[in-house]
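Next come two complexes, and both contain chain A; in the first it sits with chain B, in the second with chain C.
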Partner chain A sequence: MVRDKLIFCYLMVAPAMLFTIALGIYPMLYSMWMSFVEYDLLRIQQYGTPFVGFDNYVEVFSDPRFVQTVSNTVLFTILAVSGTLGISLLLSQVLNAKFPGRAIVRMAVCVPWFVPPAVASAIWMWLLNTERSPINYLLRDWGVIDSNIRFLTDSTQYGPFSIPMLAIVAVRVWNGLPFAVIFILAALQSIPASLYEAAEVDGATIMQKFWHVTLPSLKPVLLILLTLLIIGGLGSFEINYIMTGGGPNNLTNIMAVYSYQQAFSFFRFDLASAASGVILILTGFVCVYYIRAQFKGTQQ
Partner chain B sequence: MSGLKIVTPNRPSKGRVLAAFTLAAVMSGTMMTQATAQSIDFWTQPQGDLLVYQDTMNALASEFKAESGIDVRVEVINWSVAFNTWLTVAQGGAAPDCADMYWLHSFSGIGGGKYGPQPITAYRDQWPTLEEDFFPGALEDVHWNGEFYGIPWRVDIRPMMYRTDFLQEAGLTAPPANWDEIVSMGQALTVRDGNNTTRWGFAPGNNNPAQTLLPYYWQAGGVMLSEDGKTATIDNEAMRTALKFLQDLVHVHKITSPEIFEKSAVPLDDFTSGSVAINGSMGNSWPSQFDRDYPELEDKWAIALNPEGPENRDSYSGAGYWGVLYGTDQIDACINWIKFLSQQENMQRISEATGAASPRRAVMASESWNARPWQTVMGETLEFGHTSQHATSVWSALASPEPGAVLYDLVYSTVIGNEDIDAAVVAAQARMQTELDRSATN
Partner chain C sequence: MSATTEATGARSGSWKRLFDLRSGDTLTKVIVILITIGTLIYILLPVFWMLKSSFQANVEIRALPPKWLPENPTLQPYENAGRLIPLWRYVWNSLFVSVTASVIATLLACSAAYVLGRFRFPGATLILALILLTNLIPAITRTFPIYFFIQDLGLLNSYGGLILSYVGFSLPFAVLLLRGYFESSAPPELEEAALVDGCNHFTAFLRVILPVSLPGIAAVAIFTFLNAWNDFLWASLLLNQGEMKTIQVGIGDFAQEGGGPQYVNAFMAACVVATIPALIVFLFVQRWLVGGLTAGSVKT
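The block that comes next holds the complex of A and B.
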């Protein structure tokens, strides 16, 4: 009976597993293989794909452009995740309260989610265009600025930061907020009201209630969200590629964009796979950390 | 046993079985006959209006079938997926029998003589008057390594486009005819409002650094590679001259926006909105787009030959061509189809339907291609067309519009970054040579 049940369960998940293996696991393994061989489209017909060991990884890490993309990716991820989590925590508190028009506000907050990242990028490219940006127009009109802000093209650096990087992060946060808000809102609504009542009885302030009741209750959800946002940030591609192509001066170039450029512009699938391998390793660390944290939590 | 009725199922009569078998055999035979009737797959990218283009190609396919009995299955590939499609074909992916293709050198190199475009040199005599009938620049795009690959059918030629209303405003009676006039007129046309420039006098081309550089480098007398495509030849005075000219437009004369090469730059929008007065190497489809989509700008724009550089006034040119793919067993049928398409009247029809300039002299000299002043100038510019293809399969990587490409980095670092030109050229020469050495087919 148990055996039959198991067989039935495996049969039910088999189609999804097959898709995952065919469209996810196999390409990942193939890409990993490509990162250890020479896979240059301009040489492959004549020289094949000889094994080169770690040469591709050495080559990408010797490219100062790639090294910059690694630091850009980490910075981009930290900023995007912090921004998304921070703003979504605040927004979800507001959306959890009862007020007239709450449904409309919730809908408005979710609107960016309906916009695919590629479309969002195109829209924001117009909004942030130096000469045609309505934002620049308003700021000049209000006397806040004298000259147009070059949101996507200013190559001035302020330490590790630049205006184009911050602009890209802002678009990423805007596009990713609804997902985080919905996650946190659902978790907020499952927190028993009695906990807040007890805190009020003890004389807790709003901040104390948030710190000692809300945050601990949200911890499991925040952990999942943090993991997903970090993985998404490390593998992010479309917003950077469409809006700036990694420019100006490589300031917004991230690993996924670098990988794409190596493969489809320079025909170096080996270097592209090596760059993707680095992304895989970094996201692997995040996943391992998350699984360990879950495991510890279960044991407790 | 009484009450038990044995029911014998109705069995079809032998006659009915025989009839059904015969019918099935006849139908199979018909299908097999249809399958063995000649048919070829032809892939193409759209030009101009998509529906008009599809209708035109399908009509031509019907006429060809009526004439030859060969069925041509036309499939239109969107430009957004065209590059990846041909890249896949060149690596052995699914391929048609023949197609409208581009970037011959790169895809041939990747294909390595097994996949992608195949030479049809053996059929070259099917077009005995090729050199007379076609512009030379376009013919360079269908030859590589001594082999002939097909017939060019559209030309991406890029003359200069300018706003006649702005020139009039500035008291100018004609567009710039040389590099010096670009500077003087650009300065007269540039409009500033405090710290902002509301109109740039001159944009040298589109937002692709390599494509923008090429015509100025050629006009300064430079060539990118040796004739055999094995040696980079960019470390020379011509490259320094061209880069200095472009660099000064941005940093000295300040008539060109420092954002021209950013991904967010849209040269067409800049021109239509009045942010740019002159584009030195416009998009090939701009004039027909303006006629169609910007009637409010009627009489406010015109095109002219590219201004003359120190040595010549070469114009950027690139051709799409009809060719045959490796793997087909329908070469003769494909050749017949391409011959049919390349007949003057058919190339005329295609050119009129798409608005694309034709590499065929007779088409560009026809009445329909001289009805508007800009059409006449397009034809004149074709005489100065310099192919953008270069005899190396790694060319598309060298000229890629992505950071990291040799020419992108060279142009961006000097023209936008204002870095030392000498050092940049020397470094670019070395990098380019490394890339050329990488290509196995050289």
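The block that comes next holds the complex of A and C.
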């Protein structure tokens, strides 16, 4: 009986495990290996894949474009994550309150979820096109600006910021917002109403209720969401790749795009793997936290 | 849930309640409402722009000042889109690949999630840890090895290769979500009763556990479908030739060729077509999706 049960368990889990190993674990290890050998598609026939230690990492980090890409990625992630968290916290509060037309607003908020990133990038490219942008037109019409903002091509830097970077972040936030809102909304609905009633008896204002009841209750969920958003931000690819291809002047280039270009434009899969290895390491720090939180959750 | 239990009496009084509180709260509310309206414009503008452009003539789209509503609505752009790229064929490709990947991933995830959630057996924790880990590996890190892996299998530029990678990509998240869902929807007593009634573990799973978990399973199926439908990165690498492309790759190519300023409306029409299937799916299963997602993921 016990043996039957064991066989049943392993049989049930085997197919999923096979996929996880073949398309998750094995590729990750293979990619790590690639980052420590020479894997130049143009030379591989002749020279094979000799072990080169940390040379690939040294090479990418001595490329000023890559160093800039790393700082871009960190900046991009911080901006996108804080933007998403801030707006989704607010929107989820609003959607949790009762007001006429809530169902419609809720549906409207969800819409970007179903706009594929490729499509989202394409539409925003048109909305942000310097000459034709309706946003530029409105701003000019209202007298806010004199000349068109070059949303995706202005290479002026304001400290670490630049207009194309902010524009790309706005698109990323736009696309990622619904998931965050639904995530928080679900958690909001599980906060017992008695907590709010108690706060109301004490005469708390909306802001006080938010700070002292809502935020503490949301903390575990917010931390999970934060990790997911950071991981997503560090590995983000489509929007930057389609909208700017990393330009102008490398200002919106992020690590995943750099890695992709190394591999499929220059056939340097070793450098590409080293670059993606850096993403993996950064993600790793965040993951350690996330996995600990998940396991704590299952043990309770 | 509270959306459905909302009393009609509370609904009519809610506008009044919005303003009859302390003055500090009124200020907070006004600010929140203003920010919400701004955010809603930010969320809906691109979608609206895409929709209205897909019914306009090119001259109208490019007109300054911008025309916010089509003056002579026309379906011509949709016909043009179908002539410029094999639009319907692309949509069909996408549907085929996404549905197949979703069905396979959901089946495998169900069986794995069930035993991982319900039984203790040697290696279960390790398997769970590996699945969690895979869920967190950035896509770009896995890209190159999977590309070579699919190439070695001889599945480059075939539907099979793309479907395999989507299954592998969605599976970890699906397993994690369903594991949480099974725990909450199917109490162990249910299964014990089935065993007493003469089921074995597998038939109990098939006839008792699966039917009561349908909402969660549907949520996972939709999630994996959307993952595949929205994907650009994998599709652009693994299946980028001729008529077999997915719609996202078709759109991406179209966008990078500049969208052809003379074909903006056709391009926007293609974008609408690429968005609509996911939106339809969402409208049908809205409640399930949110409910299933929350039961599984936010159980902490």
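Assume the second predicted complex is superposed on the first by the 281 of 300 C-alpha atoms of A that agree within 3 Å, B and C clash if a C-alpha of one lies under 4 Å from a C-alpha of the other, contacts with A are read in each partner's own complex, and residues count from 1 in each chain.
The rule is simple: contacts are C-beta pairs under 8 Å (C-beta built on N, C-alpha and C of every residue); 3 or more make two chains touch, one makes a residue touch a chain.
Given the structure is predicted, the values throughout are model-derived calculations rather than measurements.
Student: A:R65 contacts which: chain B (first), chain C (second), both, neither?
Tutor: In the superposition, A:R65 touches chain B alone.
Student: Look at A:K5 in the shared chain and tell me whether it touches chain B only, chain C only, both, or neither; answer first, second, both or neither.
Tutor: Once the two structures are laid over each other on A, A:K5 reaches chain C alone.
Student: Between chain B and chain C, pick out the one touching the greater number of residues of chain A.
Tutor: It is C that touches the greater number of chain A residues.
Student: In the overlaid three-chain picture, which partner chain does A:L234 touch, first (chain B) or second (chain C), both, or neither?
Tutor: A:L234 contacts chain C only, not chain B.
Student: Per the contact definition in the header, classify A:T20: touching chain B only (first), chain C only (second), both, or neither.
Tutor: second
Student: Does chain B (first) or chain C (second) touch A:I242, or do both, or does neither?
Tutor: In the superposed model, A:I242 contacts both chain B and chain C.
Student: Does the superposition put A:E38 against chain B (first), chain C (second), both, or neither?
Tutor: Touch partners of A:E38: none, neither chain B nor chain C.
Student: With the two structures laid over each other on chain A, which partner does A:F183 touch: chain B (first), chain C (second), both, or neither?
Tutor: Only chain C; A:F183 stays clear of chain B.
Student: Identify the partner contact of A:R132: answer first if only chain B is touched, second if only chain C is, both if each is, neither if none is.
Tutor: both
Student: I'd like to check the shared interface: which positions of chain A are touched by both chain B and chain C across the two complexes?
Tutor: In chain A, residues 125, 132, 242, 264 are touched by chain B and also by chain C.
Student: Once bound in the complex, which stretches of chain B touch chain A?
Tutor: Residue positions touching the partner: 83-84, 87, 90-91, 109-114, 194-196, 198, 258-259, 261-264, 269-270, 273, 275, 393-394, 396-397, 400-405, 412, 416-417, 438-441.
Student: Quick one: which bits of chain A touch chain B in the complex? Just the residue numbers, please.
Tutor: 40-47, 65, 125, 128-132, 140, 146-148, 150, 152-153, 155, 242-250, 253, 258, 261-262, 264-267
Student: Where on chain A does chain C make contact in their complex?
Tutor: On the chain A side, the touching residues are 4-6, 8-10, 12-13, 15-17, 19-28, 30-31, 34, 87, 90-91, 93-94, 96, 98-100, 102-103, 105-127, 132, 134, 137, 141, 170, 174, 177, 182-183, 185-187, 189-190, 205-207, 220-221, 224, 231, 234-235, 237-238, 242, 255-256, 259-260, 263-264, 269, 272-273, 276-277, 279-280, 283, 287, 290-291, 293-294, 297, 300.
Student: Spell out the residues on chain C that touch chain A in their complex, using ranges where they run on.
Tutor: 1-3, 6, 10-11, 14-15, 18, 21-22, 24-25, 28-29, 32, 35-36, 39-40, 42-47, 49-50, 53, 61-62, 64-66, 68, 108-109, 111-112, 114-116, 119, 121, 124, 127, 129-134, 136-146, 148-149, 164-165, 167-169, 171-172, 175, 200-202, 205, 226, 229-233, 237, 248-249, 251-252, 254-256, 259, 264, 267-268, 271, 274-275, 278-279, 282, 286, 290, 293-294, 297-300
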